[in-house]
């Protein structure tokens, strides 16, 4: 019931939006996304009190010849991501208010389609359906980047597309291999789990690496990250938000749902490698972030660092690690959207995001400086912000796996603080430059976005249990399994 | 204006089916040709049979002698001038003493040639001749295989005394009268 | 004619193989579209001959009927092929296939 | 005995003329040698007791196909000069390729043992009665369908030769 | 080694060869004579009585004339052309039954060189090859008139071969055999095939005219348009070969027409004459030649009656009239045979 | 058999239309006839009506089994769409009756090729299909490119026919029969051993048929012919002809030589891999849309040939059928757009002609984009499922590295498909005038788009065969 509603609601609102005149399309999209959010909250309520409710599962016979059914279900882990998606969507749509956007109808339609696809990815419990939604999510964002992106967008978006498609094709191979080992020729996730376990180590290894390639590219993890900074920089703000806030989580979610339980032997054999890669990506991205001159690029690299840590935490295969990963996914989603929104405002008002050319915004627009500060603090995992909980749990998980990894991974907090504070300092403090002199005051809708983001940052930081509780049970179940 | 009724009025009507398949027409045509097979053949077997020729038939030339056997031609060249095909050439010479028997006038043609391949037998030479020396006869120029054989010199043209050629048909009074009234270029001099 | 007793089938197979190869060489060697086409006919002909030989040695009529069809098809192909050639010649005034280079990538 | 000599003679003629087809400079010589090759093949058909096919072969190939060829050659007035000089490298390459093909074929088929040769039981298979029965019996469908082939070839040839109206 | 059979065959071949040549030779005489007669003339009458040795004189003239090959001609093919024309012309006579059986010393000999079971196909094959002589001759002369003549000849022959073949197929359907001997033999008992196949005969004879390049289908060699068509450049013996081949073709096609449609050597009431054996055969052969000579005469008769076609008319006649008619004839024949065999009951 | 009779009859009717001058009625009649053919073949498939005249003589030549019936339906659908798409083409063309008749006759060939049970019919089918195609490739008589396409296609096609015949001859020489089930019985018998003659024959057959399906390394003709021929004809070649050829190819192994794919798998693998790579990599450098489609079709053939490795199980045939259907519909849609666009820009069919198409006509742009995405194999479009099935087959046969290569190749493919997509959306068009299309064209475009999207999401095409 819920799954199909969540899938269809954005599409319905997109169709409504297409039918109505362009002047009110932003509002229609906002209403649609809020409706989805309400739906998710309702589903969350259901999950809380009746986890076995039939409403959380949807199963429809589909391609019986291929052994694939349209099956979706919502459990705790999924719920976290659904929540993230549906909370962020209204914010992202809200961030388009007061913006001149070329062909807003098409823009918003693509975003709503994107939302539907993302929700599908998080809910799918059928291999083929998962794959299809996984790819489907790529199309709208590709077009968003292609139409509304910056200079040289053809090449950059194409690189992004090819990268992700390469990964996902390998994932398809992995899925097919798994499928062929199922006893009853089915793509149902439970059957795939069973099949994965029944395979020899070598086969598992192939499947592992194929899956990992897809997820690693999506997240991205070093050395598959080269598409990311360019794309983030080049995409329109909302596109970047979608990419970094939600789409990136497809990779990490995939690790939790589709990789770890699927091929346990291979996971235990290769988790060390993966964690090392993740740690490298943490340190590497942080270091590069420090030397960035563009603020947007800086955020992009910081995102790599954060995701690296999440990945490492997941592969520690500890409840803490995975829980931490989930919380951090949520937190990072919110924070990074906030940061990109900040970046967008700076870019719009100052006409540049080169750190060196900015400065002294605080003296022009104090409110903005405040919102930025809070979000930045959340991003550097200050206690009482959402990230703190996540990073703490992640490091805890990694620590249980290997002390040294945790120690090196912990550097991210310091390095993150370095580049974040430095950039804050350079942008907001100091003397105003020609670019920042005329910094406009925030619009109502912008303030609204900041209020929400900061609210979430604070709530989750102070009372993380609301997130942790959603997934705790399912994570434990997974670990125990 | 229709003078005879031999011409057939052609009607450009659409052909009937029978006409369009042509077979009856072909059959009719075949019958016509076949019927000709049984008609009398108008062929004349030439060397044996000869066709009656017109009285004024213009054949091979002759250079006449007078009754004394002297050549009438005085090599005035009028025939050569008159000849539209330029078939006649001659060389004149003075009559020597003692040649009075041979040549009627003081001047005579020491060489006189007619190229029979060029000659069109129009008879203008005959008309032009003031001395009544050249005549066309009813003889036929025989065929040979060499070109030079067609260039008739005096040996062939001048009549032999023992075989005089009768040109009386050409010397009718009418003709004489006609010639007399002709205004020749030399008469005017 | 008692050919079947004097000549082994292999001889025919070899003869046809050679004829076929000569045809193939011609197709590769020549540039004149007409001659290439003739060499293709030679190739068809070699398989015809081989089929007839097989038919004789197997006492099977089917192969001969097949040859009949091949001939029919060859005739049809020739008519179309020569029409194409004439059309090309009308436009290019040559039958040299190297002259046809409008389509290159 | 006689037929063996005939076989070798015809084989020699066929191969020799086939080579000349390829290597004659003038297309019309190629065509004429091809005709001779066809006649040699027809001779082989006679040796193999396929009289009907032999006659049809002469009528179709020599009588129709090659006439068309020569007709076209004449119409296009293709003389020796028309064929441009081709680089020897390509020629050698083509010859080598073809020879390799021939070698492979010969090598592969040289050892062929016909295990299932039925007895020389049916001398009449090449007769027109037999062929007719088979053609209008078992091969009725292809016979009918080949009319479509002819129709399309006819329409196609006419279509291509027609002057386009513009 | 040489069995009487083979000796007989050799003799027969030589005889047929000689007869063919002789007939062809005197056909040239006949042509002139017939032309003359139809045009109210006398025709040749100098060489021998009624000019009977005119062909000999002509032949001598041909032999003694200057041998000339144009400088731009393709030498080999220039020579090959007339040879091929002559060769194919002479090849046809092999399958024609010239008369009934002869009996010598208990052996029965057929007056037919070979009665192959695909006689008609053989005829078609040879006829279809016959065009090469003209094509090669015309092309190798390197003269545009010759080339046009050759092109005309080939397209004309190809076009009319189809109708001819279709007309023959009707006949073959009716008789059920491809052997000429058999076809002629069948006409012994019943009517001549012309009675059953009038349309087929008409088509066949028209096509035969076209195939032999005789008037009114003599477009390949029209004097007034193409000087001499494919043989413009030819002289002396090679020209003689071309002309000779044409007359041989005429003779052979007359023989074929006579055999296929007019009962061959059979004649009405032949068995009521009281003749037997060799005598009958000889009479039959005589009758056959009479028929043949009639058709040769017919050829000439037509030539001097009907004017030449225009080229488009020729093609229209071939493709738009004769072929559909031949197919119609085929169709009718098929239906009639079907009725006779009870297919429709 | 009914279908063959109807379509051949329609062809003759078309010729008669030229003579008796009822050209106006022609197109509706043809469309109705093809519709009737489709209906009949569907009814036959369901068993509602029996196939006419199926006596032993017919069955030994044409066997309308389920495979054949399904492919006949597919071919008819393709032809129907093709005729609808090119409706205008036939109204403008002066010799449209000839074109239509040739197309219809070619269809007869296609039907023979999917239903043969005797090598004679395979041979005749190929020729009946090829000869009209040779002609149609050259149907722009004054265009040098079209001429060249026709001549190349013809020469190489006849060469392939020669090879094909020699192959059949050699197979006949070892098997003693042209009847495919006889051959099958002999080749599957226990005492059967591969003789050199048979091997050579099979290799020749495979090469010739590879030529007909334009799989590398026998693909040389395809790009030239595709780009030289008129666009309508190219679309027919890329869909109908290709489908028939590939069906004939697999039917050969399905019926006559089932053991060949196992024993000759290396050959097929070479064909597949080279098609995938040559097709995709050369396509990257193309600037002409039709040429690009030609190379893309080569790569798709590479994918389709994968089915041959695994045809013994029903999945192989199913996958091929689905691939052929998806590919054909997608290609038809793509060519329809290419044709309309090229007509609007003075016959320019380079990729640059598509610059900014989205502004000139969003429907065309959308259809072409969907088609390109489908060809690139993006889910959930039908092209994805088609490729998915093929990869699935290859994996189940253990051709692991083949799958990897296929994936790499199709990634390269994504590049050039997206080149067009990028041109459509971000290119700066030379002409800003919008492209007008008729209502009927809109309907067809929408139907095709829906088919491309919907075919994969619904299993019935896959399950049909």
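Annotations for the structure displayed:
Labels A, B, C, D, E and F are assigned to the chains in the order they are written; within every chain, residues are numbered from 1.
Note that in this section contacts are C-beta pairs under 8 Å (C-beta built on N, C-alpha and C of every residue); 3 or more make two chains touch, one makes a residue touch a chain.
Everything numeric here is computed off the predicted structure, so don't read it as measured data.
Shared contact partners of chain B and chain E are absent.
Relative to chain E, the most remote chain by averaged C-alpha coordinates is A. Most remote from chain B, judged by the distance between CA-atom centroids, is A. Centrality by Cα centroid goes to chain F.
Should one ask which of C-D and D-E has more C-beta pairs in contact, the pair is C-D. With centres set at the average Cα position, the gap from chain D to chain F is 31 Å. Per-chain Cα centroids separate chain A from chain D by 71 Å.
Distance from the chain C centre to the chain F centre is 27 Å, each centre being the mean of its Cα atoms.
Those residues of chain D in touch with two or more other chains are numbered 52, 56, 64, 68, 73, 75, 105, 109, 112, 116, 138-139, 142, 146, 149, 152-153, 156-157, 160.
Pairs of chains that satisfy the touch definition comprise A-F, B-E, C-D, C-F, D-E, D-F.
Taken together, the chain F residues at the contact with chain D in this complex read 4, 8, 11-12, 15, 57-58, 60-62, 94-95, 98-99, 101-102, 105-106, 108-109, 112, 118, 120-121, 124, 127-128, 131-132, 134-135, 138-139, 141-142, 170, 173, 176, 195-197, 199-200. Residue ranges of chain C in contact with chain F, taken from their complex: 13, 16, 20, 23, 27, 33, 36-37, 40, 43-44, 46-47, 50-51, 54, 58, 60, 62-63, 65-66, 69-70, 73, 76-77, 80-81, 83-85, 87-88, 91-92, 97, 100, 102-103, 105.
For chain C in complex with chain D, the touching residues are 1-7, 9-15, 17-26, 28-32, 34-35, 37-39, 41-42, 45, 48-49, 52-53, 55-62, 64-65, 67-69, 71-80, 82-87, 89, 94-96, 98. Contact residues of chain F toward chain A in the complex are 318, 373, 378-380, 384-385, 388-389, 391-392, 395-396, 400, 403-404, 407, 410-411, 414-415, 418, 422, 425-426, 457, 459, 462-463.
Residues of chain D that touch chain E in their complex: 28, 32, 35, 51-52, 55-56, 58-59, 62-64, 67-68, 70-71, 73-75, 77, 127-128.
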